[in-house]
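Each chain carries a letter (A, B and C) given by its place in the written order, and its residues are counted from 1.
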Amino acid sequence: MSPTSDDAFAARDDAPSLDDVLEGEAVLGVYRQMFAALARDSGAVVDDPELVDVAETLLAAFADAGEEGLSREQMRYVCRRYPAEVFDNRLRVLKGLGAVREVFPKPNQLRYRASFTSVVGLMFVRRMMLDGGQSEMHRLLALEQLNVADPRMTPAQARDGADGLARAFRLWSVELLTLTNGTIEELREQAPKLWGTEEILQRAERLHGAILRRWPQLDRTCTDLRAAIYAYGDASRRAAARLSDSAGTTRNLTLLPPETWRTFARTATREELAAVLDGFVFDAPAPWHEPSAVVAAVEDGPRATPPRPAPPRPSVPDPGLSGDTGSDATAVERLRTVAEQVLRGRDRVAVQDVLDQDWVTARRLLADLSSVHLHPELPYRLAWGDGMAARPDGSPTWVSSGVFERTGR
Amino acid sequence: MSVDPQVLARARARVLGVPSITVAEPVPPGFTGASDGTRVWLLPEWPDGATPALLEEYDTAPMPLDRPGQARRVLAAALRCCWPRLDDAPWPGQDALVIDVLEVYVGLSRGDADLARRWATGELRRLADTGWLLLDEAAGTVRPGPRVALWADETLGPLRDLLRRLPEPVREDAP
Amino acid sequence: MSELFEPLLRSYDERRRAELVAAYMAVEHAAAPVPEVRFAALREPALRRTVEAMLGLSGRTLVRAATKEWISGYRDEVAAELAADPDCAPPADERAVLTLVLIHSVAIPRAAGLLADDSWQSPFPTPVEELRRRSQLPIGELEAALRRLRVAGLVTQVKAGGDEAGGFVPGPQFHRLTDAARRRLQEELILAAGPDSPLAAAIRARRRGRSNIQGDSK
């Protein structure tokens, strides 16, 4: 990722997207937190993401330039898209803090070099942004584990290391607990960066055991560390429990990163994949073929020798889902015909008169009349009275009074 | 907290499609039995003679079906062969040769006959999987499936007329 | 006349009876949740209770989709009993392919923040190439399983068109999972793909707690 490449410049010439802005804010947030311990006052950290970009652009250019370093003109050139005063201001600060040093390879020739520490610092910031320090914690724990085994390590150094870890775990716990008591959306977004996997907790406990075995006199420090690890484990579990209890039936899938899902999908065996759906049952396929649909399929189907001209086809694409339902216009026309057959020229009829046939036919007719009633374009309606008449020998046994009629249109 | 066994049996039938039992066993309540004399297929019981065709009346799409037209033409071709006495009910019908069904289907379609036979063979399998036909691939025979017993007799008129009009199977290797 | 439903339907007049039957058939056979505006028996709570009772006769229940849309599915306790029956479980190769489709079409887009609705439906097809080349499933088995899953409405094929690559998305049957079943599906996926994650630990702890309570009450 070299910000001096043309692509990077081309991209930056566009107005920043919301994501760019958010990411810029995130970088600054981590910066502020990281250097808060060293800041003289709260204004000492930059408050514009662009200023971080200047530093990053410069450091990348230094890396490309090698031991020759860069001249002031070259630095200005790679930062040409930033206003001159922004550039001057950044260079002054970077020089003042030692991130960029002046060197004189030849008399009267002023060149600049970048400090290794600053570049590492920026890499560190980017990683912190990605996982909130999870991977740094892994590295730190692994390093401490090596230190504990190092014969040169003193008890005082071991105590300092353990104290630092205990503090980190406590702060992590506090932040997680605060989130756990906040909104579910924020918890869902932040928790994966903060909570501890089983692996981190196990590593921390192993380290704790190793310190205690080598320096039994550090038992007080170790008790503290153990308490901090437990508190952190507890906070992680509580956050996870709240999320797993939360409403929603797919939203928690976001709590594993896409890469974890992809790795599982690509490496899991058939049995592991199948086990996910253990205990789920589904309907057998049971398509329905109505006799009239079978007739229609044959009559509308292609033929070796067409007995009659093929019916005109609508030019709209196949709706896909339902090959069954006719087009809307046909349906409306069918319903209009049904309505007129029922009315037979009259303006209104009693429903119970037209339903006086076998129940299956009556039910179909009733469904049609309901559809007619509901259709906004058809000028008919179905109105029901409150009364009900018993018909002990009839089918159905109860009939309510209702009329089917034309509306004024 | 166990489930009523009758309720469970009806749910199980929906998972399995159309399960069958021997004629010796009683048909559990809530099923319509379709017997061929040896086995009884357990069909769902629907209220007031309704069928899934009702969905069309309410402009509601049924579960999607690949190439419904082709499936139904193959079903028609099969019925032409295994429902010879059209005045009777289609179920249980009688065995017919798959090759005859394929020839009737070829007569209903346009284009390459071999291709049509291949499509129809796949379709016969799907119709058998879903209970509309009973297919014995080893014997090369097919007969109506238990689901046709769900058809109400008063809806069968046009289908009977259609099948009467369809040509009988003519085999290329016939003497 | 159906003996099964008669005790539930007997007291209704023909209009309500027809509405109940229509709603029952619609939720049982539709491809997608049906809007209650079109079915009076789903709209009115008292009638809806009767539809629920009709479904209950076959171990089914109403599943609410969006607000005011309904479909049916297996009751949770019925699904649990059926799942214990080996005849009712889909074959392993179909389940494996279906899990892959759920991961690629739902879990990954969800983790990447691309899905807005809390649903197992997805507009992101799982590319066939992904299934073919980058999974541990044999190709022959894969094609046959996809065919059967498609016929059963468990996956839907999305045709390639324009810039869009084709593939498979979860099918209409996923409308029919109850809330509890959907939640369990989410949990099973998390347990399988991230067994080491704190969330998996929380899921396991909660299930242990629940089975202890059930064990105590027996």
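Basically, a residue touches a chain if its C-beta (ideal position, glycine included) is under 8 Å from a C-beta of that chain, and two chains touch if they have at least 3 such contacts.
Predicted model only: the values in this text are computed from it and were never measured.
Comparing chain pairs A-C and B-C, the larger number of C-beta contacts belongs to A-C. The innermost chain, defined by the distance from its C-alpha mean to the mean of all protein C-alpha atoms, is C.
Taking the mean of the C-alpha atoms as each chain's centre, subunit A and subunit B sit 46 Å apart. Put simply, the C-alpha centre of subunit A and that of subunit C have 22 angstrom between them. Work out the mean CA point of subunit B and of subunit C, and you get 27 Å between them. For subunit B, residues that reach two or more other chains under the stated contact definition are 14-16, 48-52, 54, 57-59, 61-64, 129-130. Under the contact definition stated at the top, the residues of subunit C that touch 2 or more other chains are 1, 17-18, 21-22, 29, 31, 38, 74, 82, 88, 151, 153.
Shared interface positions of subunit A, i.e. residues touching 2 or more other chains, are given as 281-285, 288, 321-322, 359, 363, 367.
On the side of subunit C, the complex with subunit A involves touching residues 1, 10-15, 17-19, 21-22, 29, 31, 38, 74, 79-80, 82-83, 88-90, 92-93, 95-100, 102-104, 106-108, 110-113, 115, 118-120, 130, 134-137, 141, 151-154, 173, 176-177, 179, 181-190, 192-194, 196-199, 201-203, 205-206. Listed in rising order, the residues of subunit B touching subunit C in the complex are 1-3, 7-8, 10-12, 14-16, 29-30, 44-52, 54-55, 57-64, 66, 126, 129-130. Against subunit C, in their complex, subunit A makes its touches with residues 191, 195-199, 236-237, 239-241, 243-245, 248-258, 260-285, 288, 321-322, 351, 355, 359, 362-363, 366-367, 370, 374, 384, 388, 395-400, 402. Contact residues on subunit A toward subunit B in their complex (touch as defined above): 281-304, 320-325, 331, 359-361, 363-364, 367-368, 371. Residues 14-17, 48-54, 56-59, 61-65, 67-73, 75-76, 79, 106-111, 129-132, 147, 151-152, 154-156, 158-159, 162, 166 of subunit B are the ones that touch subunit A when the two sit in their complex.
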